[in-house]
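Have a look at this one before I ask anything.
Labels run A, B, C and D following the written order; every chain starts at residue 1.
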């Protein structure tokens, strides 16, 4: 059985379990104020080329999104997001549950543009409306696209001009940075937004994301908010140990994602060679393929993957690669295709 | 340096890391629907002697409290808690942030009684007030006390009579069950409340708690709530693997807590032999000792512990033992005392 | 200057001020428990032909919508509404601010259909989604349409089949009932939904709406919720006096709305005779007319009205009549047109 | 029957109904942007001696408290209030329902002091706690006390030193200003806090309060918040007309409250002459008298009043005077006493 269901299906990098075992005899203080967490934060700052950021390790993507979107917000403030945004349709109302409104923008494709924002802003400004204060994008997008540097910079400029904050959901930012389509690096990220996170769950960690706050306003009293939202693990040092080990070697964070990208590329080419069409352009570790019902049924016998609605009368099938996907996996699967 | 700061200072039982390593080559489905989680739930049900419960693994105590207190609640509903309750003073407004009001009961000591509830209820019933719908207690209490079976049963009966739910914060329920003062066992718990959790974080796990829902009303649509509150880890199978390994041997869950209790007893006796008074009766793995400033300063040189306010003009010093506290640790510390 | 801006631009029916003046020397108990409020509720029950409803007078449309949508809801529950729904775009995030998510349905026109709901429901059912529990419609709709009895009954049946509640925003329900297009009466309303309100603000009252709860589940502990949301006026007897006076004569509640409908019809016919097209079919006291910029500018000199976006390259101009619009007003305006 | 139950039991000043009737033929724009509201705001600014305030008319005390306490707040921010504060025990969780936590201070008496705040602040500062950002007091207090100028100024200074805002609930601020105990006037209020309101409901209006925002930070995007909380009446001009009429004569706002104070003084003296003790010192239009059960029962036959708990084994009975309480009422009552 070939497993292309998602990028969070295996435990973690073996190096992470090694690091935990090496620390088994330690006693550490709680809540992320331990020396491992401190060192991990220093290593990440170095990799980002930015000392002026506030970093906290958060247990998962949903709490990272909740914190990234609630920090610095008043009750009348709202958030622009695409209607396809992860926080809209995949988190059971997690943002609205905090009292904030998502103001949704409808369009084809998974990338928000500055033109979309300009158009959307026309509907706001009166007291009948919420007060837009933050913009949410994810990179890669829900459709596996990788934002270009210029696209993000334009959005960020627009945010600054309009007294709004830009938050980037980075659950798959390692996949974006590892893509051949990406024209920026880790060391550019803190110049491109107010707050974002480096995904860990989908990049070989046991769990967790590193939330990076660049804008000073959003750092204020952040720890109280983190505690309030249930996102401050008592054993914060476990996150510290994981992030420390991974960032000790600055190449390591993206290594597995680069492997995953190479496998996705191979997979995508294989699909096209066998006559399948892609639903969206191939840009990262998620390959979206159009298939009729018969093919879906046939492939289900030897492969795990998700279907996500229809396009042009065919099923959109998602095949995801991870750091553990091997050339043999892809070749074996393509042979049976 | 002797470390008695808390019960969440070390990684985990070695057996848990072993279990994770053994599963390194697996691919599992996400969100806690994998076979490890399924088996872990079955093993826990067996240990509880109750097939009729709904179980989910939650990443930490704060999200477990948030879920335990929000499930089944409408907007006008409120929660009775002691003013010393963990959810009041240690979670940065996590419950109020969901819109629910804690109705606080003030008294000495950490145990809520049915008499307290009866007295408190007198203030309610008009439309100017919130509508009390849940009762929060923790076992052990914030002061390390262990509830007696009769005390909990009386509260639970009162809840049923008044159309309220009883939630037990079980962050330290293993410590309670492992105490000599405890007159009930794991197999009694589902008869004593509507919803509670088995703590993992403070009982030797990497992280996480097992939330156990007995009352059918509170099970309804629970998964949507869990997702909304950011408490559904993508790699839910990691929790599953941990809880499965621990409950494969029904004695194992309490083993470390029993060791911790024995060490706390030894420590408590040692303090008393050396002429120190306890701030609260010794009942579990937390020993609260009264000390003057000079002693606190002196002990700080060779031991880690917390101070928590004053009583009778002296400092209340908390010494906590864990599954890793050894007889040698306690003896060495007591010698220096 | 002819004023067609809205239906809440004048004080109230003179009869209402008379009633207040007649009660100037009374002392009444607060919060709507006075004898005027009691009698008003009895009169309304009689007009509705239904003794089995719970009635409260709420100061305005937004709080009535907040209460109608929050009552009986748990935190994971959500609400279906058209994207054009008043609660989506005109109340500054009032519903999300309570923590509830609006699940929006996009379509042309202002009427939600059972087919829309069936289609929308396909996206729900997993734990990644909110749990749809209520349906919001307004009658008349935001576009001035009047629901047919069958249309509402189908939605209500669908709600019951799917364990959801139907709430009808009745800010303009008097306008709906007064329309020639309406095939039901006041006495039918409690059989067509779980909860709704009779609008007062837009039907000649100083302020206020009468919220009518039919479903027993939604009546539970409602007063606590009303108080919590800031919607329980201390001088509730003022509402009581107004509703009592209006419902003393069962014809009176709709009288002004019938006059407004007649004037809107005359206005609508006048527009069409002068060659203007309507943006939406004429059904109630709001007439939506398509105009080019030059006409808008010209009319602004002698008339007040709102423009609401574009259609077919022309401005959608809204002309609203009220109980105070006279034949002379309409004729004078049409002459100048 | 003598009615001393509360200060919101009669319609309003006759002058207010007159003003409404005089405007019956007008058409006004909605939501408080009409010319009456504009002029009323100008008149109030003049009476306050402060052009630099932002004023909005809010339908009642609970929404005024909700707005006063939520504006400018982030999700981790909290509010200090006495445990006897109106927002704690009389509004059904209205503040917590917005997600904000009230941090309660326990003491005898209804006045918060800067010493109380200093003591309370000791418990805050860690990430386990909420972040105190606002202080709530009411003037007069729940016990009818009138704050001294120095007492408020000390609190306000403390707030500024600690980066907190001071909000004064002014539901009965007219009663405070009309008291002989008051050492400040209307023209001092905007120098003593960041935000407060002038009560209307308990000062002879049909309904409504004038919320006065002095601090620029709290003015930002306030209208969106007002709309969101359901506190923006469509017919805002009705409030405008009322406040305009009352502030046309700068003496008028306090006139009825001065009459009420004189009657309360007469009443209080009468009680003492007849040998009754006061539960709290007499300072404003609320007189709290200690009575045994027999007296309570006897008085119930010819007078309306509330009982509010016990003190020294006797019932605390509250007698409230209003602008309509006449010397004859008080004399007649005292005779029967």
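Odds and ends about this structure:
Everything that follows uses one rule, which is that a contact is a pair of C-beta atoms (placed from the backbone, for glycine too) under 8 Å apart; a residue touches a chain by one contact, two chains touch by 3 or more.
Given the structure is predicted, the values throughout are model-derived calculations rather than measurements.
Across A-C and A-B, the chain pair carrying more C-beta contacts is A-B. Using the average of C-alpha coordinates as each chain's centre, A ends up farthest from subunit D. If you average the Cα atoms of subunit A and of subunit D, the two centres end up 49 Å apart.
In whole angstrom, the spacing between the mean C-alpha positions of subunit A and subunit C is 43. Subunit A and subunit B, compared by their mean Cα positions, are separated by 33 Å. Those residues of subunit D in touch with two or more other chains are numbered 75-76, 91-93, 97-99, 127-131, 224-225, 227-228, 232. Across the interface of their complex, subunit A is touched by residues 3, 5-6, 8-11, 14, 17, 20-21, 23-30, 59-63, 65-66, 91-94, 97-99, 201-202, 206-207, 224-225, 227-235, 238, 241, 304 of subunit B. Those residues of subunit C that touch subunit A in the complex are listed here as 75-76, 78, 89-93, 96-102, 104, 106, 123, 127-131.
Residues 31, 70-77, 98-99, 127-131, 221, 223-228, 232 of subunit D are the ones touching subunit A in the complex.
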